[in-house]
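Before we start, here is the structure in question, set down as structure tokens.
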Amino acid sequence: MGRRMQQYRTDLAIECREILDEQEQRQHTGRSRRRGEPDGIQMEKIEYDGGIHVTRIKIATQEAAEKMGKPIGNYITLEADGVLEEEDGIQEKAAKAVAGELGQLLHVDYSLKVLVAGLGNSLVTPDRLGPETAAKVRVTRHLFLIFDADGDEEMSNVSCIIPGVTGSTGMETAEVIKKAAEIVQPDVVIVIDSLAARDIERVSTTIQLTDTGIQPGSGMGNHRNGINEETIGAPVLAIGVPTVIDIKTILREALEENLDSAEAVETYLRDYDRQMIVTSTDIDLLVKDFSDIIAGGINKVLHPGIYS
Amino acid sequence: MGRRMQQYRTDLAIECREILDEQEQRQHTGRSRRRGEPDGIQMEKIEYDGGIHVTRIKIATQEAAEKMGKPIGNYITLEADGVLEEEDGIQEKAAKAVAGELGQLLHVDYSLKVLVAGLGNSLVTPDRLGPETAAKVRVTRHLFLIFDADGDEEMSNVSCIIPGVTGSTGMETAEVIKKAAEIVQPDVVIVIDSLAARDIERVSTTIQLTDTGIQPGSGMGNHRNGINEETIGAPVLAIGVPTVIDIKTILREALEENLDSAEAVETYLRDYDRQMIVTSTDIDLLVKDFSDIIAGGINKVLHPGIYS
Amino acid sequence: MGRRMQQYRTDLAIECREILDEQEQRQHTGRSRRRGEPDGIQMEKIEYDGGIHVTRIKIATQEAAEKMGKPIGNYITLEADGVLEEEDGIQEKAAKAVAGELGQLLHVDYSLKVLVAGLGNSLVTPDRLGPETAAKVRVTRHLFLIFDADGDEEMSNVSCIIPGVTGSTGMETAEVIKKAAEIVQPDVVIVIDSLAARDIERVSTTIQLTDTGIQPGSGMGNHRNGINEETIGAPVLAIGVPTVIDIKTILREALEENLDSAEAVETYLRDYDRQMIVTSTDIDLLVKDFSDIIAGGINKVLHPGIYS
Amino acid sequence: MGRRMQQYRTDLAIECREILDEQEQRQHTGRSRRRGEPDGIQMEKIEYDGGIHVTRIKIATQEAAEKMGKPIGNYITLEADGVLEEEDGIQEKAAKAVAGELGQLLHVDYSLKVLVAGLGNSLVTPDRLGPETAAKVRVTRHLFLIFDADGDEEMSNVSCIIPGVTGSTGMETAEVIKKAAEIVQPDVVIVIDSLAARDIERVSTTIQLTDTGIQPGSGMGNHRNGINEETIGAPVLAIGVPTVIDIKTILREALEENLDSAEAVETYLRDYDRQMIVTSTDIDLLVKDFSDIIAGGINKVLHPGIYS
């Protein structure tokens, strides 16, 4: 079952959920289909002001995790149309929705000590989302250090690291973040990263929040080690935006539509070894707008006294 | 005949030439194949120091131009391996080869008045080649203006424009370059642009020089108007590096290998309308290295007194 | 009289006005001072929401122009504290104030055809204000061209040019803008530039709008030719933010405070020929914030249907 | 004696040495001056190909260290004219000189494990030298990890960190480098930083190498904690280029030339509290060229098999 999940490469839980349905449909053609969610998976949909649709998926059991190909935890998907067209305050509204959902995952009580990590290669446009977002988050730890304080009701204690990519640093991303966390001793680490989606349409509309961190081999940069509580030593929230599609996903779609033999498709793709980046033609604008939205959301949650 | 040329999107004359051969091969299977070049096409191969292979293709007749899907003129392809690995002075050697070939196209006598135009979107990595190269070319026109001179044996009179992309300027690229040429009154315009190739392997090895300018609809930015002597009012040399591949080229290859019906392939591709950028995973390094090489070659030819 | 104006280098009309007062004070010590504005100068102060102080200076006569060392025209100064601290929506409020004042200078009726020009060197932080602001303005001309329209009530027809600096282009800034205006045929050109102030305090608080364009030798880049209706062929509004101080201004202040002989000060400064950039230590943040504010203001005025 | 050293702010040992001479001269006017170097200071001058002058200063005793206002250790100054004019291969020659001197400080035997740290704020032009240089150094640690090796004769084991500035990270620079050193366990750390000079002429000609690391309060970024073997846990070599001048240095010079009372100068400067960046007008070109030279020198020493 989980096999198929690996075939379509996607970092989005909502797409994994859709694929489950497609599989079900194929297997049960002609028969009555199961209603509702599979065992161990909960799904809830709400809408924020501005037509921003939020889908909250909870993977509750190990069995469900295997089905979905994603660890147990919460996955929140925000979908906003019209971001690029800058429709009527859509960015501010999307930032509020990010703040709303992030606030629930973070459980900010009085104030938090947070390390923000912007993952990716700032020299490659679709991989620049993490560094660009992190650069827009308001950093305050050094100010609190002067007053020997830990944060207050208006402002959290925020530090930030842009770890770069292994090819430029010689170090594993997870290692660098772990070391920064040793300095800062954060209550929580927020990592921001570019994701891979199955469907190009998602590349201009979707933000995913999860409390499971980042899986090994996911993200555009293909982190070898996972970035999660186990490897970092503090809880890890991950915020991502799909900016690329796997070339094999595109080929699979084309071949499946045109070939009868599933085996022929698998054989061709198994041997396909060309490495490429596939991204949207307006990726520069997307990275700018989504980094504004996510940084805006983070600033609203962590520094409510300044960003209202 | 020319139909096939449009199927595989490529801006490289050398790939058009290869495709002609493939077609020939298909059509004449079993029969003895024509030797040498088709009528109206001349091809010459030489090698520069450092294992840099140069192929000079001349399209001499209108008939040959139609076959190749490219205007009458000269097309020079430089192929250098090991640029990214920075093998033993390869970049300096490649710059010398660019200078050698460019010098022949330019016919520099005493000195030239040159306008360099760096095309593309500097915010999108594979489209940044033009602006990044142009920024590395030594500009001198303002110095000569002070002395009321036009250039000398050591240094040409060079000006430079980075016209941006229509989405950011609201103006056609060709129009902006034409207006800059009205200011400068150049003997020749050198435009630098990102190209599309058919084969991903070319994306780290190849530079094309041509005296035909840039065709409408070519280049990564898909310029609507051609950039050539007719539209600009001065002879136009174009230097390009393939940095992207058309998604349909990749799909065509996969489908042709797996489908028997050529018609089915055409039908699927005709309806495929998703716009994407497909590029190399080390595109950031490629753009840096190739802009160094091309700017180095231009500086060597135009300013022999400084860059020896 | 105008002599002193040239001594303190400033591009701000409000500082020229202050210097006039200081001179008056010196000359008339002990005597009763003139009340109100000098002949030919009108001044009006208003306040926008958020504590944004606006001073509107009108230089109405040639005599007043000579006194002030600035051409006849309108000069509007916005002063906003707390921009860097991002106090409670201050940036949005400042953008509204820019929109309010700019709207009056522009006389937008139904819609306008506007060319925005971002002046300066994007590689030098304090000179990056123009290019960075221009890049944030919404460009629409190419969209209207498709529909053969000129703009509508919701959106003006906006194009944009980032002309670069003479050292990188070999061309005069005024010449490049004039050529772009020939393409676009704008109702008005808005140029954005970094300015020099006399007082470092102004470098984090002040925006100047004027309908007189840009004077030769002003701006950080020291444009040799003026950028105004005469040189460009269309009315020119200039928006500037002081980002640098002239080193001689700083030395003059120090020497005047410590030396009795005005002549000794003049002699020392006359021979001082070292070229330097003097700027604020948080210039990177200032350029980011003020480019957001000014682009925000421009977008609000020109595209009222989208940015409300 | 050491008092004067603190008056002129400079990070260059060669300027400290010059100031010692000036003091001597003032104190001993009319008397015969001491020949040669003061006790505890050794100085040696050599010249490299291309007219690159090297001054090696050794501070050998604590007493000399106090006189000079710099810790015991070696300070090497390279002076190269014509870098900006790109005279006849000057950059390649300067890179060779850097490699020559750096090689002596490093004692590369077979191969080294090196951590390169690029200090400064990449968004502020004169502070961008460190990050820009570090980005041009060839990183190899991740390659050696794959083969479980430590470096070989042709290539050293190099990793790289760009720690950012405290205002953007919330963390001390020294702390971040120390943590990176814990990951990498380097034989030596090479930090690259922008320096302050006393004399603007030095801002386009000088590179300083030292085996004493970076002092607290030095560098453009004013690091609060020193970066040296004690704080980092590995020997620290520092390479710096003067890119800024302290505003008080400029004022002091002007006032000392014009005022008779040394006390009046001190009083004025003591109360002068305006923070400003003073830099060269062609700082963008300087940072580009000097980062090329220094990275070139580092690559030549550490990777002799590739960069010859």
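For clarity, chains are labelled A, B, C and D in written order, and residue numbers in each chain start from 1.
Definition applied: a residue touches a chain if its C-beta (ideal position, glycine included) is under 8 Å from a C-beta of that chain, and two chains touch if they have at least 3 such contacts.
For clarity, every value in this text was computed on a predicted model and none was experimentally measured.
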Rotation angle, subunit A onto subunit B: superpose the C-alpha atoms of these two copies and give the value as a multiple of 5 degrees.
-> 180
For the pair subunit C and subunit D, the C-alpha centroid-to-centroid distance in angstrom is 38
Between subunit C and subunit A, distance of the C-alpha-averaged centres to the nearest whole Å | 42
Centroid spacing, where centroids are CA-atom means, of subunit A and subunit D in whole angstrom = 41
Overlap residues in subunit B, where contacts from two or more other chains coincide = none
Which of line, ring, star, complete and other names the graph you get from chains that touch?
-> complete
Subunit B touches which residues of subunit C in the complex?
-> 135, 139-142, 157-162, 164, 166-171, 175-176, 179-180, 182-184
Of subunit B, residues touching subunit D in the complex | 86-89, 138, 306-308
Subunit B-touching residues of subunit A, taken from the complex the two chains share = 121, 123-125, 200, 245, 247, 250-251, 254-255, 257-259, 264, 268, 272, 274-281, 283-284
